[in-house]
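Labels A, B, C and D are assigned to the chains in the order they are written; within every chain, residues are numbered from 1.
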Amino acid sequence: MKQLFSSLLLAAAVAFFSGCNKNNEAPSSGASTAGNSKPGKKLTIALLPKSKGNAYFISCQKGAQKAASELGDELIFDGPTDTDPAKQNEIVENWITLGVDAIAAACENKEGISTALRKAQSKGIKVITYDADSLPDARTFFVNQATPQGIGYALMDQAAQLCASNANFAIITASLTAANQQEWQKYIEEDRAKNYPNMKMVAVKPCDDLKDKAQSETTALLSTYPNLKLIMAICSPGVPGAAEAVKQAGKAGQVKVIGLGLPNENKMYVHEGVTQAVILWNTMDLGYLTVYAADAVARGNLKPGDTSFKAGSLGTFEIKGDNILLGKPFVFTKENIDQFDF
Amino acid sequence: MRKYFRELSVTGALTLLLLALAIFAPSFYSPQPLLSLAANASVSLVVACGMALVIIAREIDISVGSMFAVCSVCAGLLAAMHWPLAAVIAATILIGAIFGGFNGGLVAGLGLPSIVVTLATMVTWREGLQWLRQGQFVNLPDGVQWFGLSQKSGQWTLVIGALVILVLMALMMKHLSAGRYIYAVGSDAEVARLAGIPPKLTVFLVFVGIGALVGLAAIMNMVQSPQVDPQSGTGMELKVIAAVVVGGVAISGGRGNLWGVFVGLLLLVCVGPALIHLHIEAYWEKAIQGVIILLAVVAEGLRR
Amino acid sequence: MSGELLQLTSVTKSFGAVRALKGVSFSLKAGEIHALLGENGAGKSTLIKIITGAHQPDSGRIEIDGRDTGALSPRIARELGIACIYQQPALFPDLSVAENIGLRLSQANVFSRVDWNARRQQAHRLLENIGAEISPEAEIRSLSMPQQQLVEIACALGAGARIVIMDEPTASLTQKETHLLFAIARELRKRGVGMIYISHRLEEIFQLADRVTVLRDGESIGTNRVDEMNEAALIKLMVGRDVSAIYPPAENEPGETVFSLKNFSCERGGVRDVSLDVRAGEIVGLAGLVGAGRTELARAIFGITPADSGEMLLNGQRIEIHSPRDAVAQGIAYVPEDRRRHGVILEMPIAQNMTMAIHRRFFPGTWLRFGAEKNLALEFIRDLSIKASGPDAPASSLSGGNQQKVALARWLAAKPKVLVLDEPTQGVDVGAKSEIHRIIRSLAKNGLAVLMISSDLPEIIGMSDRIAVMRSGTITSMLPAKSEAHTVMAAALGQKAAGE
Amino acid sequence: MNTHKPAWKNVLLAHETILLVVLIAEWIFFDAIGRNFGTYDNTCDILRHSCEIGLLALAMTPVILTGGIDLSVGSLLGLCAILFGKFWRDAHMPIPEAAACTLAVGALAGGVNASLITLLNLPPLIVTLGTFSLFRGLAEAITHGVDTFTDFPSSFLFLGQERWLGIPAQAPVFIGALIFFWWLVHFSTFGRSYRAIGFAPEGTRYAGIPVGRRVAMTYVLAGIVSAIAAIIYTARLGQAKADAGNGYELYAITAVVLGGTSIFGGIGSVYGTLLGVAAIAVLQSGIVHALQPSEMAGMLTGALLILALTASVLPKMISRLRQRKSALRLAKQNT
């Protein structure tokens, strides 16, 4: 009985895995020798998103995959599938024993993940961060797509440009506890206090990274604050959610919507004039650059102190201190949004 | 009166909340946002009706959120393939029923505890969907949102649709043999069997029923926006179970009615917007919801 | 064999390795009351469940009116006019009386409308028919056990059943209700209904039944006309041996007063102003009608519904009991009425059941001592001659009588000073019954003060050294041992006994 | 009449044995296809990662044995984590003192669950659903969701991140808890009472066992253990925030049920829970080492749970089928 059961289970598992090895487009073909970081060898680079099932990181992954195949490296892309903040650490620690050559992490919890990244460094694994930084001593470089300050200021400046100098606005965040959201809010507030002191932020509502909840929260905000002039959604499902709510309230154009999001999810609203601007960088380039940088660091081609870095077909990027700069955040508007597909 | 203590006390709490809003935040009552709120709530209401049946039958289904996400994505993909809307609706309800039937089969057929079975399917469907779809939104073609009607009539359609389902199901639970069989099975399955009511079949059908209702709710949610979020429905099970319990349905089966569930859901649905309108910080929301659930059960406990 | 309403031929049924029925044949004529007798585990319940379609037989034939019924389900059985009144009322606790009756009687299809008015009227009529004063609106869970039993009977009558099975229907009925039930049964017989009547109370069978079939170990021992039989013969058929002295005689003189109650009241249980002394080595029988407050008194003594006024004295010392734990600590033991729910824990091994009440004393420092526990259990299994496969066998694998012995063993292990027994032999077969009687008597002989509640009059009279009679929550009279049955009954009913 | 199977067959068919086989199979499988899976380092990591959920699962076992459930442990972990941070940073308590206060909070919160459930006789599922929201909500309200506690002294972080005598430093805590719960459930009268309560709460009361007190104790223990897990969690991550332990209650319940404990109470073992925790932890680590997407771990956990439950009812169903077959054969012979 037990033998039958276990062999059945094993057989099912083998079939399952061999099946997904074939079908899965994710970069997991075959095993290779690990732990060896001499130039010319095939490297294993692990890319850690903040969470899986997020379109933002999927497009990063696309760029990263492109870079990995150009470089002939193996790319592992994996991350937490639920809201457990300890999951990132667990995955990194698994990669350490797995024996990857380089880890590129987008950090959900700055302090929390740093302990795991430091441990990786102590085991000789090269660590860089992208999208959201860790503590500086836990990585070699940070691929900086835009500093939190840059994002916060860009959002606030955009908002001020769209509204009167004494307008009220509200923020939709992913969750009250998400670290990057808190950081952006900090700089939004800083910019507001410094440059637009008459504008007023009336509420911050979390949407749990759900479009539907962003929609219902925005609906309530709109009726609570009739003189609300702008909604700023700083998580990607929040932007279309807020836009839909504004549209349903019949306040399109009257209440502006801006936010951080992917062009594809927002094209429709931008064209309808519900959403005025979506701010983002080219996420595919971010993934591409990150993998190139990780590869170079692991091969010793990129060292602290360098001031520029050439990443394949994207050309040369500036390095400021230990930050590799992707460029300024990009503002997608009605005019240019159709040129992008991610 | 005593018999309906729970329904009345929840109605009382709701009335208090609505009164407070009327005094301190009359803007809550502006018609358009209220209609949007109602259209939104109608989705949860349909699922709550199904959950009430499941709990009355002395089972529980915590996989509704995941089933909801799967149904939403399936519906979105079918609509994106330009199936006619009626076919999309029918297919989604069918898909929901099949997923519900899977739970029901394991619970009724193999006699496994429903809380564990649906815990397992909750995880499996959710992660499987994420694996297959990687969190991508599904963009819907024109003519799907609001069933191709205007926004206002679309919203009214949803609200009225949900109320019709509520009334029909409430009537069924009270006045049709089918409904009374569910109460009977939830009250005592063995006695039901002796009285010639098939408890396993009843439980199976109740799970199929909640699956179908989740499918319908997925459609009702889908038509409210031009995109489908594959994460939708996360946490729905807790909200719906809380509404059902606050509404006076006993977790031990056989007791409670859909009117109570309706009032319970309204109370919970109004709390979120009410916090915004009353200018209470968002970080109190979870604590307040917890207190409402606890108060509801404590009131019941003290009465006994 | 024409003219038979119901005919079972060579029916067999096994559960796992246990053969519950080994080819039983049984017949029932229209207009007769056919008693079914047998010790617990003889196969009566299985036979009934096969007739009502709750179990499927492994082989054999069932005919009704000479026609083979094929496979029976509860629904088909009901449609064929078979109704059963179970020992434990099979009712929905959360639903109203009217609905319970309605669900049982309606043959409606799933999508038909429920006519609540008709249901209420039907319930009202049926309940009135049997003289029960129960509101059709009442929830079953708010009713007492006998009331629920009456609802069951109303259900069966309402179904217009041609075959009515009564499985120990009088076990929890009052005398008045029992008489009413008998009247109804006789009336049904007149109308041509066939009844199968199961009871452990032999005198009921002689009062009521026309024929009697005895089952033993899954086999039919024979069917006889009741007027050709007597009690001794029946008992011999049932147990397969002579049961000479049913009640062991008292051999000792009671000692000092061990336990007394003074103006003892418990409002919640409806017990008021009870005063009572029990002496060492004495068995005090507590007689009375169902609902007189006997079980409630026991529960108040044991602290399940603690008393709210009056005194309880143990060896002259005043004691306070607020919970069963206190009672156990003071040396008071209670063998409850509902053995399967309260007396033993069915799923747990015999040994663990036996040490359940002595955790603190038997397992110092809360450490379990498996070896000692096993030895204790083996000792009791031997001393009380419990039929079990071993100390690790779950209590559910035992027959009712042996379960009751396990429940007794649990309290004997606790070495109590006072033992309260509530219906110690209800639903226990004749063989085990006399063994339990012997055990109780020997306990008393060893100096235990015993308070025994029983609705079985011969038992009360046969066992007790004194008989306390309760009525409406208090003790109304104290009768000496070997009182006449009618004296006790009269006291219980509140009539002046003859000659007093 | 003796229908009991021989002892060896019972042991072999026991749920726990099947699970052990599955666990070994998992290990062999991932060791074969995964990179550096079966190394000592990875074993330590698995132990480290499953410590908090393991602790919660251990504490959940007595709760489920009594027929209850505690959905609030994950939220309580979050509340305790931030309170621990608050005691240390804002109340300037030394670490041991802060930890002691945190344990007291855990006990108190467990006591809230316990008193609602036992004194008012309310269903545990609903009570803990309420406190699930309440505890998490309090954590968010106290920190406004934003406040994060970091920069703990390295002597404290040692507990979560370093090795002590070659094993992860938190392992002794887990092993201590394991021994305690093993004793509690299998070798003490408490465990005996939990089972009895799980089978028949009323019947247990009639045996003079204080049912309310025993049940209350399981919830208080769950609260205390949640607080211990919160401290270890904080040490492992080096930070405490209101979202700590999100969703851990479901992992813990899954592990307990996977370990063969009946959700209805009465049946179950600490040994099974240990295997359940291990099976899930090995699966999660193995998936990463086999370079498969993490979603697979969740899906396989769900599938494993259903399979395990099915396997536990299968023997019963097969014997029932066999019986029916042999009965049919008998019937045929008779005619």
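By definition in this document, a residue touches a chain if its C-beta (ideal position, glycine included) is under 8 Å from a C-beta of that chain, and two chains touch if they have at least 3 such contacts.
All values reported here derive from a predicted model rather than from experimental measurement.
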Legend entry - Co-neighbours of chain D and chain B - touch as defined: A, C
Legend entry - Chain nearest the overall C-alpha centroid of the shown protein atoms: D
Inset, instruction - Identify the chain pair with more contacting C-beta pairs: C-D or B-C. - result: C-D
Inset, instruction - Determine, using the mean of C-alpha atoms as each chain's centre, which chain is farthest from chain A. - result: C
Inset, instruction - Would you kindly tell me how far, in whole Å, the mean C-alpha position of chain C lies from that of chain A? - result: 71
Inset, instruction - Indicate the whole-number Å distance between the mean C-alpha point of chain B and the mean C-alpha point of chain C. - result: 45
Legend entry - Computed distance of Cα centres, chain B from chain A, in Å: 33
Legend entry - Multi-chain contact residues (two or more partners), chain A: 52-53, 81, 176, 206
Inset, instruction - Would you please write down the residue numbers of chain D that are in contact with two or more other chains? - result: 140, 144-145, 293, 295-298
Inset, instruction - Sort out which chains touch which and give me every pair. - result: A-B, A-D, B-C, B-D, C-D
Inset, instruction - Would you mind writing out the residues of chain C in touch with chain D in their complex? - result: 10, 12, 14, 16-18, 58-59, 302, 304, 323-325, 327-329, 334, 336, 341-348, 352, 356-357, 359-360, 363, 366-368, 389, 392-393, 397, 410
Inset, instruction - Would you mind writing out the residues of chain A in touch with chain D in their complex? - result: 1-3, 5-6, 9-10, 13-14, 16-17, 20, 24, 26, 28, 31, 34, 52-53, 76, 78-86, 89-91, 93-99, 109, 111-112, 114-115, 119, 175-177, 179, 182, 206
Legend entry - Residue numbers on chain D that touch chain A, as the complex places them: 12-13, 17-18, 21-22, 25, 29, 33-37, 39, 41-42, 45, 48-49, 52, 140, 144-146, 148, 150-151, 157, 161, 233, 236-239, 241-248, 284-285, 288-298, 300, 304, 307, 311, 315
Legend entry - chain D residues within the chain B interface of the complex: 69, 116, 120-123, 125-127, 129-138, 140-141, 143-145, 250, 253-254, 257, 262-264, 293, 295-299, 301-303, 305-306, 309-310, 313, 317
Legend entry - chain C-touching residues of chain D, taken from the complex the two chains share: 1-4, 186-190, 192-193, 195-196, 199-200, 202-210, 266-267, 319, 323, 327, 330-331, 334
